[in-house]
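Note that the chains are named A, B, C, D and E in the order they appear, and that numbering of residues resets to 1 at the start of each chain.
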Amino acid sequence: MSDLQVSLEVPGRVHAAFAAERGDVIAVIGPNGAGKSSMVKAIAGLVPATGSVLLDGTDLVTRPTRERGLGVVFQDQLLFPHLDARRNVAFGPRARGLAKAAALARADAWLERLGVADLAERRPGQLSGGQAQRVAIARALATEPDLLLLDEPMSGLDVGVATALRIELAAHLAEFGGISVLVTHDAIDALTVANRVLVLDRGAVVQDGTPDEVSQRPATDHVARLVGLNVVHRERSLLAFPPSAVTLSLGEPEGSARLRWHGEVGRVTTHGGAVRVVVRTAGTGPELIADVTPAAATELGLVPGRAVWASTKETSVRAYDEPRR
Amino acid sequence: SGTDDTELTVAAAASLTEPFQLLEAAFEEQNEGVNVRFSFGSSTTLAEQATQGAPGDVLATADEESMQVAETGKALAADPVRFATNRLVLVVPADNPAGITGIDDLAGSDWVRCDDKIPCGRLAVTLLADNQTAASPSSKEIDVKAVLAKVASGEADAGFVYATDAIVARDEVEVIEIPGSETELNPYFIARLEQDDSVGLADKWVAFVSSPAGQQILADAGFGRP
Amino acid sequence: MTDPLGRPPARLLVPAVLGTLLLLVPLVALVLSTPWSLLGEQLASRELRQALWLSVLTATVAMLACLVLGLPLAWVLARLEFPGRGLLRTLVTIPLVLPPVVAGVALMAAFGRTGLIGKPLWELTGFALPYTTAGVVVAHTFVSLPFVVLAIEGALRSARKEYDAAAATLGASRWLTFRTVTVPLAMPGILAGMMLGWARSIGEFGATITFAGNYEGTTQTMPSLIYVSMNSDPEAARSLSLVLLVFSVVVLVALRDRWLATP
Amino acid sequence: MTDPLGRPPARLLVPAVLGTLLLLVPLVALVLSTPWSLLGEQLASRELRQALWLSVLTATVAMLACLVLGLPLAWVLARLEFPGRGLLRTLVTIPLVLPPVVAGVALMAAFGRTGLIGKPLWELTGFALPYTTAGVVVAHTFVSLPFVVLAIEGALRSARKEYDAAAATLGASRWLTFRTVTVPLAMPGILAGMMLGWARSIGEFGATITFAGNYEGTTQTMPSLIYVSMNSDPEAARSLSLVLLVFSVVVLVALRDRWLATP
Amino acid sequence: MSDLQVSLEVPGRVHAAFAAERGDVIAVIGPNGAGKSSMVKAIAGLVPATGSVLLDGTDLVTRPTRERGLGVVFQDQLLFPHLDARRNVAFGPRARGLAKAAALARADAWLERLGVADLAERRPGQLSGGQAQRVAIARALATEPDLLLLDEPMSGLDVGVATALRIELAAHLAEFGGISVLVTHDAIDALTVANRVLVLDRGAVVQDGTPDEVSQRPATDHVARLVGLNVVHRERSLLAFPPSAVTLSLGEPEGSARLRWHGEVGRVTTHGGAVRVVVRTAGTGPELIADVTPAAATELGLVPGRAVWASTKETSVRAYDEPRR
């Protein structure tokens, strides 16, 4: 039996089950409104939910929030407005029984690790968005919880801090031996910090695997976009292929390119050295991304609305079974 | 006050509430179509209000000082008439838990009287002195109703109230006469007010109060002769 | 599911129960000691109906006056910064500490026929407030306004000012912001304030009888009627009190259910 | 810089000024009509000093009692969901509508020597609340508690509940959360509620006199002293009122400055 | 004279000046706490600031907020909690005098454009983080302001929505003829949506140029990280070079590589097919990023703490003058 077994339903919002071992970092990804925050809040006991959350065999659902041994970073932070940063972070250790001086010292250490030690005396209202986010992360980590729930902890952080934090977090999570659930919209988080990825869509788990599995065999459009691939259905399988493997032409392609779609050009943007073209295929077909050279783009006259054919070679395509839902 | 001859407004001391309401019924019977309205309150307040033009045709006070205030304030249209008196009695709760039988038993019990600053308190002090009683009260109430309420509810073992109050609460209290109370009387005065516009009704009321019928009603309520 | 925030602690429940008992026991005792037999007779009396109606009328009008005057005043205190704000807030609190009878005296000194404002008014128009139903409303308003203002100010302060700023960026005038953002967000507090004001007016007595007198039909409210009855028939006074109590409770319950239905 | 949210609209300023005048004019009139000459003499009187001290003492103790009992009660109303919550809230409102004298009668029926609770207490211990300073405190508390509870409940409801949830995730018990999160966040409303309670107690008169009586030094508060003086010497009563007024204002200003310094 | 001329100081938080023309989309980037939000709020009149904001010659600073013709997306959204999504969006048009029906219709159109039309009846408390963010954007755009201030509008949006929104926003901004200020932590926003980039650091403007200028000649470490380059100082110049141009070796490199630093390995992560190594150079030297092949990483034993030499060839380096501050 796994260390953590979650099976929860928040009616109308999310219905999800997954299991995890101590030491796991589970990235939860999915589009807006997929139910990620709802799931996190349900685990924390903050929205009414049915089901069970078994941690080492005991069901947390019957316990009040404060006895669940959690650390939570809320999507809207919820730093206590009347306490300064230090006291916000020290709150958890104090609540769990640490003496005041020790709790403040621990708070200082965490603020230091998150690079906001100099802001210890500021109240949340006097912090910038990213600074507040860092204090919120420090606050959640400072209790050294068994179960860490992070709802978009990286949002609002600048790139340097986000990178540093990813490493810091990965190091911390690896060593602390608890289980972490990390909601994110960023592929890098999912692929570098986590060892498991849970994909939610419309309230249900549609994929659950290692970062590699998920990134190479994305089950949904959303994940495909996140990792920068095209995904199309064929019978019971899914086919994934990179934008660079898509060829655009004005006439119907002949020869070996067995996968082809007719459609019109949507958005056109630059992407690195290439031109990235979104093709809206006809009917209920997929939306495809193609990277072409600037020369080709000019030659084909790829402006929005232009009718084009998109094709890819079978050899560039990875085919796999649709994950059972 | 009425703008015609069908309404009479009487401002009267609160202790007159019951007899005046009975008088009202009789008066309205005698004078068809007439409606008597009251404003009951403390004598001092009513007198002050009268000097400031409060509507009213007749003022009846439970002391002389208030009537003087009204007179000095030029509120009166006629000389005041003394129409009744009241005297203090000692009341104890119906079951008389402290076993009080007279003014001499007060010492050591929880008894109450009015504050020294108001007539019922001054009378009580005088009577206590006359009877050479040195007991001190548990509370000096701000009006006689408060004394009565304390005794009636059993919160006080005894209290000094007016004879008329004892009658109002006859089921709840037992009355003990105080020696010498018949000489320490509290007088009631009535007078027509300056702002009277009742076309004769005010004088009729004043007369009615002093008439045998009126005096009978007052006597039934426990008031003494003027 | 049990409450996820944990069981309410005894340290809070015990005093809450004690507080409830302090409020409940006297009411129960009052009800128990009231002669119910008189009730039917009382209810039939014209006097009672007049006084009850007058009480409800004047308390309701006073509550509306408190809203019209008090909500803007509370807003000024909560949202504007100006020299003398502290002074103004203190001024609002003062009438609270006046014994009601003194409040009545003060009102007389201001609006009586010989008063500061009352005298010129009387000389110009022949109208004077004392002893009129309008006078009762003024007395109620004077006594209740501080409660209403302070309760509403508290609510306005708790509601985040940032929403006002957001409304401004969307082009809303201060008045529009007040109507459509500030007030709706502070609604529970505003309603609680109005209820406080209404209830205070219903029970008010000292200022009313001093300033407006005690005339049946025009200024005799329930508390004054109860006062008068205490002089003629203490038992009747109790049953009148009970009528006032039950009636007010019915009104309050009806209002609460409408207004404050907690989500 | 002008106020970035725009000029305060006349539609709010005008009623705010009117409300201020309604409160201000009677106070000014009272002050103007008071014989200042008497003041010196009054201040020297032992009666006044005793009554003033007793008023302050009992109002302050009652305020603390209201806080101890009322804050938990307000919290229960604002934060717990249970059947009968609406009923409880109404119960809290009821004492507001009782004329103070009736409140005194109710207290007597409950805690008097012959009362529901008072009788067994008296028989067991020989102690009874009426005629004691403790009785004055009980009367003040009974009359002021509803104001305090409703004002604080409003403040607690306005403060976001989510912070309580955040505290729970950090391992805080409900009691710790209450102390360190809920209360500090609702502090302005709590202080306003306490101030309301104090001021109401200072001015309270009807319930005190009915329940606890009027004896110098033990139960005679300022309003009682003023009331009895009014019957013998109205001028003296006015100057006593002025003393009460000025004194309370000083206290309120001192408290406000300490507590409610607006940021 | 430019259409918009901003020169503002919020004491202790930001002191910035810039100018813009109608049609400009100005990306504001910079690390957490640089003063981006403060600048935006100062322009909106929501924090006390000194200076001037001249729009078409009139100084907005003397005007109340509501007359500044703004649209603002706040970092913390500030959707009216008592109004549903539709009424939140209709609020601005209503306030600016549109009839109720027309305002609601406009709100519906904007919600539709942002893909949240089906949530029109929900209150903010019933929306997910990303859904609320979209409503907030719709609310700001619906007033058709002259000056649009967007504080991290993309944070919390899922990748699909963010991409779509970028396009939508770019199209809208191009057409509406006003001026937009877009605070972001995302290089893609800065480089694809904006035509100007303003770099803030510690409250001051340290760079102001086109996306190309800024990305090719980053003036600060932060920007360099954002666009994925290394930046080092040499005398009065800055040198920029990509991580792939950095060679790591255990001994001191000889020969043509004139730029070399001694340091120790910090974090090691995978990055695409390469291994990304952070090298902390000794003393006050720069922190460098190097991309090496997995084979090289194994061979060199690149674990954190390992002493290494990093070097790059002069030919891979772009040198430019430090922008004057």
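To be clear about the criterion, a contact is a pair of C-beta atoms (placed from the backbone, for glycine too) under 8 Å apart; a residue touches a chain by one contact, two chains touch by 3 or more.
The UniProt protein names, listed by chain, are A, E = Molybdopterin-binding protein; C, D = Molybdenum transport system permease.
From a predicted model like this one, the values you see are computed outputs, not experimental measurements.
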item	value
Count of contact steps on the shortest path from chain B to chain D	1
Leading chain pair when contacts are tallied as C-beta pairs	C-D
Length of the line joining the C-alpha centres of chain B and chain C, rounded to whole Å	33
Inter-chain centre distance, chain B versus chain E (Molybdopterin-binding protein) - centres from mean C-alpha coordinates, in Å	86
CA centroid of chain A (Molybdopterin-binding protein) to CA centroid of chain B, Å	86
Centre distance in Å when chain C and chain E (Molybdopterin-binding protein) are each reduced to the mean of their C-alpha atoms	54
Where chain B touches two or more other chains, by residue	45, 149
Chain E (Molybdopterin-binding protein) residues counted as touching two or more neighbouring chains	44-46, 64-67, 76
Junction residues of chain D, two or more chains touched	3-7, 105, 109, 165, 168, 173, 227, 230
Chain pairs that touch, as defined at the top of this document	A-C, A-D, A-E, B-C, B-D, C-D, C-E, D-E
Contacting residues of chain E (Molybdopterin-binding protein) [partner chain C, same complex]	44-46, 64-72, 74, 76, 78, 80-82, 91-92, 95-96, 139-140, 143
Chain E (Molybdopterin-binding protein)-touching residues of chain A (Molybdopterin-binding protein), taken from the complex the two chains share	30-34, 36-38, 75-76, 127-131, 133-134, 151-152, 155-163, 167, 185, 187, 192, 221-222, 225-226, 267, 269-270
Of all residues in chain D, those that touch chain B in their complex	105, 108-109, 112-114, 128, 130-131, 209-210, 212-216, 219-220, 224, 227-234
Residue ranges of chain D in contact with chain A (Molybdopterin-binding protein) within the complex	162-163, 165-173, 176, 180-181, 184-185
Contact footprint of chain D on chain E (Molybdopterin-binding protein) as seen in their complex	44-46, 48, 61-62, 64-67
